[in-house]
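A single structure is presented below for examination.
Order as written gives the chain letters A, B, C and D; numbering starts at 1 within each chain.
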Amino acid sequence: MSVATQTLKKFVNAPEDVVKESLAGLAAAHPDLVRVDFDNQVVLRKDAPVAGKVGLVSGGGSGHEPLHGGFVGRGMLDAACPGEIFTSPVPDQMLAATKAVDGGAGVLHIVKNYTGDVMNFQLAAELADDDGVAVESVLTNDDVAVEDSLWTAGRRGVGVTVIVEKLAGAKAEAGGSLEEVATVARRVNERGRSLGVALTSCVTPSAGAPTFEIGADEMEFGVGIHGEPGRRREKLKPASEIVAEMTEAILADLSPAAGATLLAFVNGLGGTPLIELYVVYNELAKQLAERGLTVARNLVGNYITSLEMAGVSITLVELDDELTTLWDAPVHTPALRWGA
Amino acid sequence: MSVATQTLKKFVNAPEDVVKESLAGLAAAHPDLVRVDFDNQVVLRKDAPVAGKVGLVSGGGSGHEPLHGGFVGRGMLDAACPGEIFTSPVPDQMLAATKAVDGGAGVLHIVKNYTGDVMNFQLAAELADDDGVAVESVLTNDDVAVEDSLWTAGRRGVGVTVIVEKLAGAKAEAGGSLEEVATVARRVNERGRSLGVALTSCVTPSAGAPTFEIGADEMEFGVGIHGEPGRRREKLKPASEIVAEMTEAILADLSPAAGATLLAFVNGLGGTPLIELYVVYNELAKQLAERGLTVARNLVGNYITSLEMAGVSITLVELDDELTTLWDAPVHTPALRWGA
Amino acid sequence: MGGLTRVDSATMARWLEGSAVAMREQRDYLTQLDAAIGDADHGTNMDRGFASVVTKLEELDDSTPPGKLLVAAGSTLVSTVGGASGPLWGTALRRAGRSIGDGESFDGAALATALEAALDGVVKLGAARPGDKTMVDALEPAVRALRERVDGGASAADALVAAREAAEDGMHATVPLQASKGRASYLGERSIGHQDPGATSTVFILRALEQAVRERP
Amino acid sequence: MGGLTRVDSATMARWLEGSAVAMREQRDYLTQLDAAIGDADHGTNMDRGFASVVTKLEELDDSTPPGKLLVAAGSTLVSTVGGASGPLWGTALRRAGRSIGDGESFDGAALATALEAALDGVVKLGAARPGDKTMVDALEPAVRALRERVDGGASAADALVAAREAAEDGMHATVPLQASKGRASYLGERSIGHQDPGATSTVFILRALEQAVRERP
């Protein structure tokens, strides 16, 4: 399985150094926004801790860039803890991040629902508590591809995580208390659902081979952001049909109010060109309009990826006035920026 | 060669509709920024024409998104003319765009140096002249992979085009005259050089198969954004060596002044994950620092792509005070946004 | 028949329709040639353009004189093809049409003059010389052969056989050339050994002209 | 020897070093198992963690009592592995170490109690029950077998043979199971037919323990 560097179709040096070297690049490119604590492998907002502001810490395996490091900055995250590729970070990183961003108002952990992430963040929260930092945790679990049940690990956290980070970040920037910020984050997660479709597999630098095999005319409906299998493997279809099925599955689960106002997020998984993402957005806009739903805000691009996987995910969040205002609030991070 | 839709690993309906449908998606996602004239297949700044402002029109084959449609908006382009995938648009589009954005101060055509683009824009400029619109044209030809000679089609226009559009757009927004805006554009092109490397080929929707074959351990050094071959085919190397060779080739041609101040632009060709683009940026920053060059501004991301090609291009532009100020000026387009 | 052959609108319409059929049939072949040394779109470009020309012809009055018809066809190519071949073939047909003028029909000599005007337009716009591995390598010898035969008293139909043969020779002769114009020039030496797509489509177009003139009812 | 077998720091160090060797050797195999029903990182995770443990051991005093040694190893796993296996195995070793206390050596019964504490920690943290297709399916029967044999008067070394065999049976028994915990649970029915990577690495770790105790000088 181990493959020599030069046959990896990637711009890397030693595969085991890719995360660190990429963080060095991020730090070099955005010294005005972030600083990287290389000892603890943590990306910090440049001016952290911000006194009196709730600190937002997220993290997870690498390979989903710009998530999370690209979302560190004003109006979004205070720190990101990148693990190895597709591997949850360790509690030491989370603890270091938590202490570094605590401005006295407590810290929110934004955790995607994967067994590893949950356990590591839990250990970190306990350690932070020992150190006297007030920590709240919010779990994102928006992937409708996975059946939710008490007896399983439950749903995966995917696209809604980006939206939670933006909206909770805006709430914290606006001076919200730890409880208020956590409440916004939980509300967004409750009001958001996602589904992904893959046309090709990703290739992790350490494995050097596709994570899964997929036929030339097949797609994985309901894929996870680590290449986890979804609801079913099926024949590729025209974009209009794929998007109709995705929309159907998401709305069936979300059950938005009649005439609800949505945020529509079309996310590329890494290897799908933007021209196709807009084809997908076009279909999605039609599907939602036909159902009498209003798209008040949208986001189209690669924001939570799975390395070079060709694929797309759709996230729908039911907005309300507060969430809409928080979405519009200024944000200034390497990957998301407006009003600043 | 013609391939049924369902075996194309793409989110498309009929391959021949992909450009139109993608434009419909762009229009639906950004109604605050752009409007699309579907009859003429032109993306227009929403408030075009802006009275008294020089209008900027660019265009070229589709498949390089966000270039050019994603750069229409305040502080950048007034119109983009998207052709079919990898095929220059036709003069009718350019003429319609030119007339639609003429606010009385004349129109600048930004043209990448490809035979088709050059000829079609030239015909359009003649037609616009017949209609009494003052048109200047600027050619970008920054690709050092191609030998420049009077007896060939010359260098290809690639990454510097994005920077020309930003800086000339800022100059126009600041009230520059047609001549002044054209001068900025030409200066940027003269002071900028690029080089691209591909690890995999793109697949055009109409061909349905890779544009070129490439071995599992090979890379194309000097690739063009349509999959045109480059200087040489060689064995894949660690990122540090690839970037060193790219930097060397660009600087040998650019010959910046000792201690020059640069804008460094690391561009993904579509299928390379952001984590690798930052690895490349890290190497580039090291290379430039070793040579005593200062990177004053940078841009890292997918801005001028070649569909889903795995690859990266580097563009270096020697800045001066005016260009730096123009770079920092507000821009608000679907794909590039700051200060607004 | 000799120099008395006269060409009219119906002939020109058959030419353009025949070209459209050829472009549709040869689309994938032309695109494959373009994939080797260009960007894999020449077949779709030419097919899209000539299909639009056929649509355009249907809109035109039956009484449209042949010169006007060619100008309209050229404009349609300019407006629908894009790339390098759109302006080049569009200009070629527009120039040919203007050279023919407003008459209802014209003879072989006028045809030769029209194609010379077409070639001149292509060269003025694209600046390619023979040997640059472009459509000029097929068009230039064809035009020269046409002029020679017509001046020598051959019928338009016979002269066009020679023209088409010269184009074919020119097309084959592009294979060993290194391109110095168009997209293929980026390949440098790696363009050697491939047949130029534009020279190839030029042969198909001249073949359609030869047939249209021969089939004159 | 019977119940008189005593285990000391050197034994524990050999166990951890043996585990590290096994993880390095089996890294690609474990990753392949994880690629089938997870995210293709279990081998690299465990290898990275146990390699760090070996480095940690070198830093520790020779006089460190076995319980402290296990706690330090567990903390190292927590700090270097990540994923699901880091907290789980880290907690397991920390709990085992704390159960052993500060003594210089301990007997088979204390070993059984320590592994029960380890299992308890895993279950408390991960909430997996036997049959969920996780490492618990190997660890739980192993701990049970160890306790039974030790209580029956077997030596620690002999009891560990039975424990390792029980773990192997448990590991094989994961193949037909449908996962309901961890990443593999996302596959639903498609997880059936694959051996759980965590149960597999558990077998390697217990095998290393068996060898370390048997080889006691």
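Definition applied: a contact is a pair of C-beta atoms (placed from the backbone, for glycine too) under 8 Å apart; a residue touches a chain by one contact, two chains touch by 3 or more.
Only a predicted model underlies this, so the values are computations on that prediction, with no experimental measurement involved.
K.L.:
Using the contact definition given at the top, which chains are in touch with both subunit A and subunit D?
P.N.:
Touches both subunit A and subunit D: nothing.
K.L.:
So which chain is the furthest away from subunit B, centre to centre on CA atoms?
P.N.:
Centre of mass proxy via C-alpha means gives D as farthest from subunit B.
K.L.:
Using mean C-alpha positions as chain centres, tell me how far subunit A is from subunit C in Å, no decimals.
P.N.:
Using C-alpha averages as centres, the distance is 55 Å.
K.L.:
Could you work out how far the Cα centre of subunit C sits from that of subunit D, in whole Å?
P.N.:
78
K.L.:
Please work out the Cα centroid separation of subunit A and subunit B, and write it as a whole number of Å.
P.N.:
Here the centre of subunit B sits 29 Å away from the centre of subunit A.
K.L.:
On subunit B, where are the residues touching two or more other chains?
P.N.:
In subunit B, nothing touches at least two other chains.
K.L.:
Where do chains touch, given as pairs?
P.N.:
The list of touching pairs comes to A-B, A-D, B-C.
K.L.:
In their shared complex, at which residues does subunit A touch subunit D?
P.N.:
Residues 1-2, 61, 83-92, 114-116, 119-120, 122-123, 145-147, 151-153, 156, 204, 206-207, 211-212, 224, 226-229 of subunit A touch subunit D in their complex.
K.L.:
Applying the document's contact rule, which stretches of subunit A touch subunit B when the two form their complex?
P.N.:
Per the touch definition, subunit A meets subunit B at residues 5-14, 18-19, 21-26, 28-29, 62-63, 65-66, 70, 199-200, 216-217, 235-240, 242-243, 270-283, 285, 298, 300, 302, 305, 307-308, 310, 312, 337-340.
K.L.:
Please output the residues of subunit C touching subunit B within their complex, sorted ascending.
P.N.:
Residues 27-28, 31-32, 35, 38-41, 43-45, 48, 78-88, 125-126, 180-183, 185-188, 190 of subunit C touch subunit B in their complex.
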